[in-house]
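Since the structure comes first, as structure tokens, the remarks are kept for the end.
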Amino acid sequence: MGAVEPLIARAQAAPAGDVLSIRGVARTFAGGTVALQATDLAVAENDFITILGPSGCGKSTLLRMVAGLDTPTSGAIELDGRPVAGPGADRGMVFQSYTLFPWLTVLQNVCFGLREKGLPLQQQLDIAHPFIARVGLKGFEHHYPKQLSGGMQQRTALARALANDPRILLMDEPFGALDHQTRELMQELLLGIWEAERKTVLFVTHDIDEAIFMGSRVVVMSARPGRIKCDIPVPLPHPRHYAMKTTPPFAELKATLMEEIRVEVQRAAGLV
Amino acid sequence: MGAVEPLIARAQAAPAGDVLSIRGVARTFAGGTVALQATDLAVAENDFITILGPSGCGKSTLLRMVAGLDTPTSGAIELDGRPVAGPGADRGMVFQSYTLFPWLTVLQNVCFGLREKGLPLQQQLDIAHPFIARVGLKGFEHHYPKQLSGGMQQRTALARALANDPRILLMDEPFGALDHQTRELMQELLLGIWEAERKTVLFVTHDIDEAIFMGSRVVVMSARPGRIKCDIPVPLPHPRHYAMKTTPPFAELKATLMEEIRVEVQRAAGLV
Amino acid sequence: QETKVAVGISGWTGFAPLTLAKEAGIFKKHGLDVSIKKIPQKDRHLAIASGDVQCAATTVETWVVWNANGVATTQIFQLDKSFGADGMVVKPAIAKIADLKGKTVAADAPGTAGYFGLAWMLKKNGLSVKDVKVVNMGPQPAANAMIAGTSDIDAAMTYEPYLSAVRAKPEAGKIIATTLDYPMVMDTFGCTPKFLQDNPKAAKALADSYFEAVDMIRKEPKKSYEIMGADVKQSAEAFENSAKYLRWQDREANQKFFAGEHGQFSKEAADLLLEIGVIKAIPDLSRLADTRFLK
Amino acid sequence: MKPLAPVSPRSRVVLGVSFFVLFFVVWAAVTFGGVVPKQFLADPLTMVKSGWTLLTDFGFARDIGMTVWRVVGGFLIAAVIAVPLGVLMGAYKGVEAFFEPFVSFARYLPASAFIPLLILWAGIGEAQKLSVIFIGSFFQLVLMIAVSVGNTRRDLVEAAYTLGSQDRGIVLRVLLPSSAPEIAETLRMVLGWAWTYVIVAELIGASSGIGHMITDSQALLATDNIIFGIIVIGLIGLVTDFAFKAFNRKLYPWAQLSR
Amino acid sequence: MKPLAPVSPRSRVVLGVSFFVLFFVVWAAVTFGGVVPKQFLADPLTMVKSGWTLLTDFGFARDIGMTVWRVVGGFLIAAVIAVPLGVLMGAYKGVEAFFEPFVSFARYLPASAFIPLLILWAGIGEAQKLSVIFIGSFFQLVLMIAVSVGNTRRDLVEAAYTLGSQDRGIVLRVLLPSSAPEIAETLRMVLGWAWTYVIVAELIGASSGIGHMITDSQALLATDNIIFGIIVIGLIGLVTDFAFKAFNRKLYPWAQLSR
């Protein structure tokens, strides 16, 4: 990987280079629940944006609208300048719940999107195999999801999303259901892939350590009705090593975010 | 709460004062899986022992044997010098999965053990109400579990276990299914109760922060077949405040444990 | 003190005087508390065996079947004789009974009058039930199937009023033979030997009531037909019409019948039943009837 | 139309009603139009009229009452024995091992085939009809209840043990309440099947009941009555089922039954 | 005995067999002992002997074949129409809104009550028997399949959308495979019910089949034959069910079906 310049420089590039632009997006559900207040967010090429926020603040709603699985009540979402009209292969998503197709093997799962694109089988395999190797699942190609651990399933889901070569990768608490140690290993794996490929990523999490460790920018959302409260760049150099989590700059950033998020969590819980 | 002397002194008290003593306990399952190798552990009065270890190393198995829900293949478990023969109200347990009885309200759940003891209703209520208040669920007495959030359910489960006034409280990743922020609030709540009551606790977790923040001793277990790898006292004073998690002494302890546990996790994942 | 007795019959016109006797209070007058149960013929012996009914009405050869197959019963009087009320209907294409060889015939289950009638007619035409394909159907659905023009039935055994229904629809089929041509359907009334032994008076009362009901039909036809018709949801006229094809037997006719005809017919029927496999052995024919109660 | 995309409640109703309307229009067209002769299929109007006559003049309400009574009676007897047995089987694996193979074989025996035997054993009275319902529902009930009880969440049982419950407490205070909603659902489903059996029992040897009316009408080629009878059974089935469902939901507010 | 505590496989078998042994001993005792007269209940030995005679001398194998053919035939016809319709209903809520109210009413109509009408419409041949099976299974199938398809995990559907699937792909490559094991289970269950209907259809108006044999035996009070017939049906039901279950497990190795 060699020396990687601090990402922060890129994130501040001209808006013209934005992959994704979210402008004044709000969402009110049928029952009257305001899940998201008018929100603006610009995601530049190669950004790894982590979104932190208390439960129910509209993080998933925001991601789903970007994916095209939900429609904003107002505002506009644009990908490369074109408005988002519905779901599509250009925005890959990894969910918190295990969403591998249980009737397909690991290999077939990774090929799913490619097959939908109409690629011939050989080409599908040529693309899928390197990704499977990349997430460390060589030898598991013909296993069914139920034969895999949670971590392996999420790695497959990652490979499946990446195989489609999306413009942006949307991840909604992808490691939320994993145990703490597996989670840390997954973070390193994803970070390694990102450092190599520089895919643009929007990553939702509850875990402050994770948000700092992974992100080039951390976006904190306020309690419901959600809105972006602050947008903090992470000035840690790449490649990052897990030991970084116990270094003073990390702890400092964590202390700041902890205070920010704590107020929101207490507000969400109705304690303030 | 006032000034609380560092707990570490108590933990090193004479073995005669041990509440629980585990000697040479091993467990081999029917299929031949050795879940736990001969293990020794002494738990003194007022200890808060946290157990860390990779997935599958036998933490739950150990706790279940102490609870009497499983039987050791060899070795002896004694509570106050009397061998454990089966489950009983003297060892309260809180599980990772939500184990409130869904057909009972919060109040009825908390009264469950008291009713099994044959206490008259009024006495049950007299005991239950303060515990419900203690875990912050006043006003939710007549809610059914499905009307509660995950955190509220685990708080009720805690109140239910405490209401029985057990000699020792066994907790198997009680906050494992909660989101990160709720989890931190629960940690503070439990710590507050412990600082006031000094109940003896055996607490299993995957989360290093949690293990340090909560415990007076952290026990690290090796990968399967499980065995105790190290037993580290936590020299942090009580009462502890959440901000402590970003202080240098904490970070130092965390770095040590991270190294210890990382090796085990990698061994468990077959990476070493 | 009225004697309780349960009687199993069907909606067959020939049994109607029993209904009349009950509805007009004749049974009650003779010290009987009769309850009438409508039970399909193929189930009636099961009801007797179960003890739910003590007496029943059915055709003469059926008693042979029941006795042969383990349901002990004794006939005590005759009810009616079919004069064209039972018969076989065939598709227009069938010219004579002998043409039925290899064809499909609808008839009630073995051990019923319909099945026996079929066997009887076939035998008289040189065939046996093995030569045709018998489909189990009650007389009503069988007739309906013919009228509806169901393509897969070539002939059916049925009785009045369904026979008349076919008569009214010549394009659907024709009546090729009735009991006028083959006089083999006659109904009698019988009870379990145990009942007769325990309640000889009641048995006599049953016979007397029946004859009184037949008398009543003669004396007050209008009222009688109305009562009997109501039981099968028919108007008095319609009922009278269907009664044209049978003769209710009074006391004298009964005495004559049991003097010789009954025994002779039972013998012939038993031989045929044995031949077609409905019974496995011929029962003691001398014990089929008890004529004490006809006096 | 997108897969799984919900339709508005309004169009739901409109669409659902339109099928019924279509159905009746076609029925009326073929019958009034004379495409199908009367004795094959009565027209809707005659059907309704005859149904009314049946109710007012021929005491059909009594027949309905009889049929309902039989189903409910037979079913209650089956339930009263099946629930305790099923619970015991679910709770105690030894008891289950003893009964299970026989019961799971017996449930394949068609109740209708027993009718000749039942007439012989129980006569032609109500006992026979109740027995048919009993045979038709008992084995299913026992088996499904045993499965429900046996599937009780193990962690709840273990939680109860750590709270000091003894074996008796486990059965009465955990297994039973925890499987109660599923047992109630089982009862509802099996009751639905019992309707089929009662009609069979009444088609063969009965002097009252909806099935008997249908047999009677068959003799008269009264397709109007037959169809009316069938629809009445369908309606009763529908209504009981809905009532039972609502009752279960009321009784077990804590359970997430069918959404 | 502790609640839910498993028993050893050995004692499971011993207990299960002992019930059957007990059953036969009691049966033999009451019949050979003369407590119950022969014509009420045949003894086990006579039953087996008569069964053998039926098979060897009376061509009962053909009857069995006919019955099986009818069930399978009627069921296949129902399945061939019900599966596509059910899938469409599950996938497209508009289609569901159109058919669902009628179908959920129709499934309460007892197939057996249709027999008189079916004889009129379809005669007494095979068409009628197939129709009874069809009516008895079609509506249940449609409804249960629609529910299975409609219950497809939404997150899987959404995942497919984000992978570039179009509506057609969602139906064919997500909804269908995802509900396939449940559809197969539905087919298995409903096939089990179809057995009940075929016997009824054969009790009324048939010239072959197991039900017909039972009607024939009734006249002769041949309880041995009747019981043999019932047991044969039970065994066939048991065997098909097990075979179907095993087949489903083989066909869908990825699904966690009944453990």
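We call the chains A, B, C, D and E, going by the order they appear; numbering starts again at 1 in every chain.
Methods note: a residue touches a chain if its C-beta (ideal position, glycine included) is under 8 Å from a C-beta of that chain, and two chains touch if they have at least 3 such contacts.
Since we're looking at a predicted model, the values are computed, not measured.
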Mutual neighbours - chains that touch subunit A and subunit E alike: none
Count of contact steps on the shortest path from subunit B to subunit E: 2
Comparison of C-E and C-D by number of C-beta pairs in contact, larger one: C-E
Farthest chain relative to subunit A (centres taken as mean CA coordinates): C
Centre-to-centre distance between subunit D and subunit C (centres being mean Cα positions), rounded to whole Å: 38
Where subunit A and subunit D are represented by their mean Cα positions, the distance between them in whole Å: 51
Inter-chain centre distance, subunit B versus subunit D - centres from mean C-alpha coordinates, in Å: 49
Whole-Å gap between the CA centroids of subunit A and subunit C: 86
Where subunit B touches two or more other chains, by residue: none
Sequence positions of subunit C contacting 2 or more other chains: 43, 46, 49, 141, 144, 148
For subunit D, residues contacting two or more additional chains: 39-40, 116, 120-121, 204, 218, 221
Pairs of chains found to touch, sorted by chain label: A-B, A-E, B-D, C-D, C-E, D-E
Contact footprint of subunit E on subunit A as seen in their complex: 64, 67-69, 86-89, 91-93, 95, 97, 99, 101-104, 112-113, 116-117, 144-146, 157, 160-161, 164, 170
Of all residues in subunit E, those that touch subunit C in their complex: 38-40, 116, 119-125, 204-207, 212, 215-216, 218-221
Subunit A partner contacts - residues on subunit B that touch it in the complex: 54-55, 176, 179-182, 184-185, 205-208, 242-243, 245-246, 248, 251-252, 254-255, 258, 261-262, 265, 269
Contact footprint of subunit B on subunit D as seen in their complex: 153, 155-156, 158-166, 169, 173-174, 177-178, 180, 252-256
Residue numbers on subunit D that touch subunit E, as the complex places them: 1-7, 11-12, 15-20, 23, 39-41, 91-95, 97-102, 104-106, 108-117, 120-121, 136, 150, 152, 154, 157, 167, 170-171, 175, 192-193, 195-197, 199-200, 203-204, 210-211, 214-215, 217-218, 221, 223, 226-227, 229-231, 233-238, 241
